[in-house]
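Lettered A, B, C, D and E in written order, each chain numbered from 1.
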Amino acid sequence: MSDTDNFLDDSLITTETTAPDSMAADQPMGGISDRAATRQARELSVGERPGTLTVREDSLAPRLFLISYDEQFFEEKEYTSYDEMLAFFHAHPQQRHWIDVRGYGDLPLMERLMQDFDLHPLQMEDVLGDYQRAKVEQFDDNRLFMVSRMTEFTTLLEIDDDQLSIFTGPNYIISFQDDYDDCLDTVRIRIRSGFSKIKQKPVLYLAYALTDVVLDHYYPTMAAIGDYIETLEERIFKGRADRRVLNRILHIKKDIVRFRRLVYPEREKIAEILRMPDDVIPEEMKLYFKDCYDHAIQAMDLAESYRESVSSLVDLYLSDQSNRMNEVMKVLTIISSIFIPLSFVVGLYGMNFQREAPDGTINRLNMPELYQPWGYPVLLSILVVIVAFQLIYFYRKGWLSNR
Amino acid sequence: MSDTDNFLDDSLITTETTAPDSMAADQPMGGISDRAATRQARELSVGERPGTLTVREDSLAPRLFLISYDEQFFEEKEYTSYDEMLAFFHAHPQQRHWIDVRGYGDLPLMERLMQDFDLHPLQMEDVLGDYQRAKVEQFDDNRLFMVSRMTEFTTLLEIDDDQLSIFTGPNYIISFQDDYDDCLDTVRIRIRSGFSKIKQKPVLYLAYALTDVVLDHYYPTMAAIGDYIETLEERIFKGRADRRVLNRILHIKKDIVRFRRLVYPEREKIAEILRMPDDVIPEEMKLYFKDCYDHAIQAMDLAESYRESVSSLVDLYLSDQSNRMNEVMKVLTIISSIFIPLSFVVGLYGMNFQREAPDGTINRLNMPELYQPWGYPVLLSILVVIVAFQLIYFYRKGWLSNR
Amino acid sequence: MSDTDNFLDDSLITTETTAPDSMAADQPMGGISDRAATRQARELSVGERPGTLTVREDSLAPRLFLISYDEQFFEEKEYTSYDEMLAFFHAHPQQRHWIDVRGYGDLPLMERLMQDFDLHPLQMEDVLGDYQRAKVEQFDDNRLFMVSRMTEFTTLLEIDDDQLSIFTGPNYIISFQDDYDDCLDTVRIRIRSGFSKIKQKPVLYLAYALTDVVLDHYYPTMAAIGDYIETLEERIFKGRADRRVLNRILHIKKDIVRFRRLVYPEREKIAEILRMPDDVIPEEMKLYFKDCYDHAIQAMDLAESYRESVSSLVDLYLSDQSNRMNEVMKVLTIISSIFIPLSFVVGLYGMNFQREAPDGTINRLNMPELYQPWGYPVLLSILVVIVAFQLIYFYRKGWLSNR
Amino acid sequence: MSDTDNFLDDSLITTETTAPDSMAADQPMGGISDRAATRQARELSVGERPGTLTVREDSLAPRLFLISYDEQFFEEKEYTSYDEMLAFFHAHPQQRHWIDVRGYGDLPLMERLMQDFDLHPLQMEDVLGDYQRAKVEQFDDNRLFMVSRMTEFTTLLEIDDDQLSIFTGPNYIISFQDDYDDCLDTVRIRIRSGFSKIKQKPVLYLAYALTDVVLDHYYPTMAAIGDYIETLEERIFKGRADRRVLNRILHIKKDIVRFRRLVYPEREKIAEILRMPDDVIPEEMKLYFKDCYDHAIQAMDLAESYRESVSSLVDLYLSDQSNRMNEVMKVLTIISSIFIPLSFVVGLYGMNFQREAPDGTINRLNMPELYQPWGYPVLLSILVVIVAFQLIYFYRKGWLSNR
Amino acid sequence: MSDTDNFLDDSLITTETTAPDSMAADQPMGGISDRAATRQARELSVGERPGTLTVREDSLAPRLFLISYDEQFFEEKEYTSYDEMLAFFHAHPQQRHWIDVRGYGDLPLMERLMQDFDLHPLQMEDVLGDYQRAKVEQFDDNRLFMVSRMTEFTTLLEIDDDQLSIFTGPNYIISFQDDYDDCLDTVRIRIRSGFSKIKQKPVLYLAYALTDVVLDHYYPTMAAIGDYIETLEERIFKGRADRRVLNRILHIKKDIVRFRRLVYPEREKIAEILRMPDDVIPEEMKLYFKDCYDHAIQAMDLAESYRESVSSLVDLYLSDQSNRMNEVMKVLTIISSIFIPLSFVVGLYGMNFQREAPDGTINRLNMPELYQPWGYPVLLSILVVIVAFQLIYFYRKGWLSNR
């Protein structure tokens, strides 16, 4: 939760300077133009040969983890050698195994995994492409290929999403992701702790547990977004919203919409699992997946709710902008309305109409006020009265209060 | 209805000061950023172990009520001891019972209830999580697990919703809620009064009656919202709408949308009940649930109607803002247009062109007006005429009336 | 049609003054806040006991009409005594009867009707609640309970809707409405005239004819709305649109949306009738109901069309508001741009730089213009040229024309 | 295409004056308020007796055409006497016939047609009502009743639509329309020319050809709308968009939406034809209707595309309006910002502070500048510098360029 | 990717001048009015005779390519004589062939192709019309007719789309397109290279490969659009957005919506292929098409994402426009508010109230300030203080910073 806390204090600007690449100064932060989408489009346009494995250039070097367990047994190890891991795996046919591959950056290794565990090239392509929507596919009769998308609200104030691909086998599952740190640690901890249900149930339960933990991780993401929206709202309310705030609003709006589009296929995926025959997904497991289904719907409801909030923020921002314009105009109007008439009056008595004509006759009608003993004080009083009336008028209109 | 009345008088500001935590001064009242959603997201992200009961920290200490009845029999009592209640329950197998649990804050008790009444851990998790959408699940052949959401329009001027979970059994229902006060009292009163249909029918009718009363309670919520919208509209019409009013409009809009999202699954739930086989829901009961279904649709229609109204309020607010700007500009324009030309004229006759050149020659063309005997009065008359023409012009344009 | 004509002349303001309760002066006319919805919500929240008849307080005292007919026979009478009517009814088992109940304000009578004609309490509750959406229910094998909503565009410039409930029996129909005047007179006239198809066909045809006449009555309602929208548009075009006009636009928009929501279930109702088995609705009758179905769709299309028009009106209003602002600004700009520079120039020659220094030396550079014989006329000419150039500039920009 | 060309030149205003009834001066051109819909609503509310034929008052006097043909035979004639036509028709039972009725204004003739060709009263009512959506109905086992709507973009710059009703029979079709000129001439020409497929195929093919030609006629309508939208866009771009342009935009938007609503049931109609059993529509004919189906979808896509364009035009118009306001404000700001400070400076040296006090003492501090020999030239230089700085500032802001 | 790079530098204006026909100066670039749609509508309205082949006038002269291959064999050649090609084709019945027709501009050749390969006239009409949505049709039992739309983001900064039509046969496919350059080269290269899967599989795989490559080509199109949107966003952020930028935004928005409408039937097409029986599409091929299906959905997701971005750009533009207005007003307000009061003050002391009345009496109250020795310096100090206060006020309001 610490990621989201540091914008709860009022140091949004500070946060920006510590995240130089995305939020520097006046540059757009890839705000509205959907850079993630563009990157994705570009990646997807690379591998044009169907069923041919290619690894994206920025993929991490793979790290192999193996968690082997049954009700009594437990061993967890990171292997540097794939063969060593495979040997251990084959040596324990009675145990259940979780082969946990993090990083795709070694094409030959990926191809060996594909062959050793009978994965389909098109599925493996989906794994390595890293931009696959959540889905489930049934293959080899009763094996499953499941893709989930893990989300995180990053310090760059945007939603980051990573792909988790899971293949099930008779006594193992293989999971792939291109990230060393993930949100699956709660599952690992539960396996390590002796009493978890995971140990007592078939590997499908482990696959379920991983799917469920990904779904559950949507909530902190949403909560962080909720906090962020609150910060933005406060910012507008304190009258400190400039167009960078609008940019952020539009940015997070886009992210929320994207999030919704991430979760939607997740729901479809689980609905499809629930429709699968009982020999693939036993009735008892369906009860658990039904629970997942409820969670997915709730996540979508939340996303919908935030989308609504963000749309309202845009309205609020625009109204605020208009409000400030109003205020500017009011200052101009008040000052002009008071002083322009006064200027006229004093200009009037700055005229040079001559009491004495060139021929010496006296024009008594030419500005006699100027020669009255009380002329000047009377005029000043009149000016004061004018101002007073105007101020009363503006006060009544409510223009003097700071609405 | 008293909750909604106190904003019908014009004391909206007073209402605010009496609700300091949510509406203080200039602070946003959690208006647009959906704090309820954020809280929900945070709660939901806590319990990550599926099927493991946890109790939210702010849960109330449980209070146990038992209403036992048949056509002749009636007993209603609050029990401090669960065992005592259970004893009474088992001692009356011929009667029908309503076990009414209010407050979740005692995990062991919750677990005992779960075991004694054969509730599924995942269902119990839904109960305690308190953020479950309305749904119905059939379990153990013909038992039902039903979740409803009870709504209320609070003095904080927002919609509050609580969860009511009902399990049916052969001769009992168990209801759970995390609130001591609820909207179910009308049902209790009907049971107490001797002649209620509830007493004559199986417990399913009681479950129906509770579902129905929750649905019926949506209408006063809606009516309160309707009154509130009317207050906001009047506020705009009296020209007293500042941005806090906009905030409230956006806030209530969000709440209405949320309300609609609450009711929608309620409708789905009842539709699912209507599709259930006749041995679970007898034909006669379906007639009653069909009535519920109509009510749910009507509630959604109302919500839709209010959503439309609130959207129009936003339009009205923005137009009003623009109107006020218009008014400000008109004042500026009228005053400037009148006095700036006048200032020029008086400035003209404030110039110092000399009739007598330094060499003593007379320049008769240099401002001869200044030496005319009627110069000043004629000028004043001209000024009056200019002003009169301008005023006529502005009057014709309709700028002087207060449109 | 006379209701709609009186706003076709330009007497909208007059119309207002004759409808004091809804359109007085500056008060909102319950415009945007959906008072009808609020009233409905409040009504619906009253009767919380399902299946218990209650009568709304403002219900009219019932009036009973009986039209009895067959191909030869015809008798029409208003009965003050229910028993008398029932006696006549039972005395003519060979005839077909239309029992026409107008006004609900007599609970015992309603209960007797319910018992004598075997109506279900829940259905009777729908009748008396008066807020039921259009629907059809099949009961007692082949009897029908049909609810229609009759609409009218009132002199208050809003859509009023009333409920018409029809029960069919073997040789009679009973209709309920809480209004003495209705739109069913065309049907009554057709029965009275000897040659109507109604007399030759079973009572179901009468039920159809009533349903059809309600649907047909949607068109004059729509036509009146269309005329009203036209009036509003003209109002905007004549530049006489103030915010009350916006209020009306938003009000009628809301009403149109509500109308659409009234008609939609009407369509669903007829679709359900068309799906009913042939022994309930004979094939021949379905042809007639199919015609109704087309009419319902057409009414929805019209409503949709008007909704679009009204949305455009809002756009037009807002643009008009912006236009008027533009005009105000142009006046300000033209006058300021012309006179502020002129004021500077005349101010320039109002300066007091002295040709003669205190020590008597002549500063020939200090404003020599003031001493030229043609100084003043030349300056005036220059001022005229400046103004001319500015006017040409503004003319070219098109700011002088009244766009 | 000539209808659409005359707004391609810049003579939109001319076009207006030549179409006085719809576009005169400042009057709304029935723009936004949907007069066609209102007329339709009013028409539909007239005939309230189902199955009773009535003819609209403005119906044309009927003209009867008969085209009779088979592979060898061809005869085409306008008949003034219905009996004569019927005689010819019955005398040629081996040929195929197209009875082409244009104009409905003769009720007895319509009734005779109905009886002689076994048409259903409700269908005939749909024909004469002239406001029926596109639909198809199967009657008398394998006869069809098809309604199409023909569209045209008129010189009044709006979409006009007429109804074409077709009944099929064993060796004839009857078509009804209330217009002497139509878009079916291409079909007639194809029959006249010896080699058309129409002559070789059963009459259903002729019905198809008529349906297809109506659909194909949607494209020139759309093309004309496209040209018109382009004209409107250019108008905005040349800065000559006043609110009449907005009115037209909103008007054409409404028309496009209406067009879409016309085409949608056309698609549904063809889809229903495709679902009909093979003995009604032979497999070979379905291939042709499938082609129609594609065309209907394409027409809807085009309409959708134009709707999008028109919405963008509204955005563009509003932005343009705002732009012009901006420009007005910039002129005001630049001129005011330059001359108001200058006016202050020259006003400063117009003050009358006296060097010589009344008692004769010299106040050297009172405006010594006025007595300097270079005072005036130095001041003028300062003024020039101030103006230069301001101009540079405004240039840098880009306010001087005409953005 | 080079097409998209040249707007990444800041030479958007240059790009315009190099594309004179579409983006010249101030003329609209066919921006909002959908010229492509209009062209399409016009084309479609030409050929009104169903099943009659016509070739559009601007069609290219056809070029014929034949690629013949099996696992061992490969020959690729452009034929100038159709007969020669046909001879080669018939001489190699054991090989698989790709007949690649580019350009439609030779009607007799098209008709020969239609007859020699048993293509249906209506299908051939779809090919030559060039505006067919993506679709698949099964004909002659198990042959397929597939239409795809190939997209490209052109240097004119809009999406161009071309039609690719494919007919399958037992051992050949025929592809039609009206363009010499296409996006299918990757497939050709793969066939040329010895080891492609295409060589090992039946021709259906080739048809799949072509479909897939078209789909994959959507991604670079999308990526180019993404880059373009980014450029537009930067443009707004640098404050250099004039209405041409808005035009571009609305233009690209329209294009994205059109793109979405292109891709949607593509998805439907593949869904239909997946539903085809196994003897038409073998199970193995369906796996590949399933992959296509995922890609189509992803392309639609991307388009949706960009549509959202572009909508946000419009918001940003409008807000920016409003912002600039704000800025203009602030400059005006600050300068006016400072100098108008000052002008009044100096005007005050420019008045000519006379100390000495005409009769020689001294009016001590008439502007005694003017005779004080420190009068002028004190006044200047007061003016400085007023300005200082105003600047502080404006600074506090934040109007001096460049928000």
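To be clear about the criterion, a residue touches a chain if its C-beta (ideal position, glycine included) is under 8 Å from a C-beta of that chain, and two chains touch if they have at least 3 such contacts.
Please read these numbers as outputs of a predicted model, since none were measured by experiment.
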Chains touching both chain D and chain E: none
Type of chain A:chain E copy interface by residue overlap (half), same or different: different
Separation of mean Cα positions, chain C and chain B [Å, integer]: 26
Centre-to-centre distance between chain C and chain A (centres being mean Cα positions), rounded to whole Å: 42
Where chain B and chain E are represented by their mean Cα positions, the distance between them in whole Å: 42
Numbers and ranges of chain E residues touching at least 2 other chains: 322, 325, 329, 332, 336, 340, 343, 347, 350-352, 367
Partner chain A, residues of chain B touching it in the complex: 26-28, 30-35, 37-38, 40-42, 44-45, 48-51, 120, 122, 125-126, 131-133, 135, 239, 242-243, 246-247, 250, 253-254, 257-258, 261, 314, 317-318, 321-322, 324-325, 327-329, 331-332, 335-336, 339-340, 342-343, 346-347, 349-352, 355, 362, 367, 369-377, 379
Complex interface listing, chain E residues touching chain A: 186, 190, 197, 209, 212-213, 216-217, 219-220, 222-223, 226-227, 229-230, 232-234, 237, 287-288, 290-291, 294-295, 297-298, 301-302, 304-306, 308-309, 312-313, 315-316, 319-320, 322-323, 325-326, 329-330, 332-333, 336-337, 340-341, 343-344, 347-348, 350-354, 357-358, 361, 363, 365-367, 397-399, 403
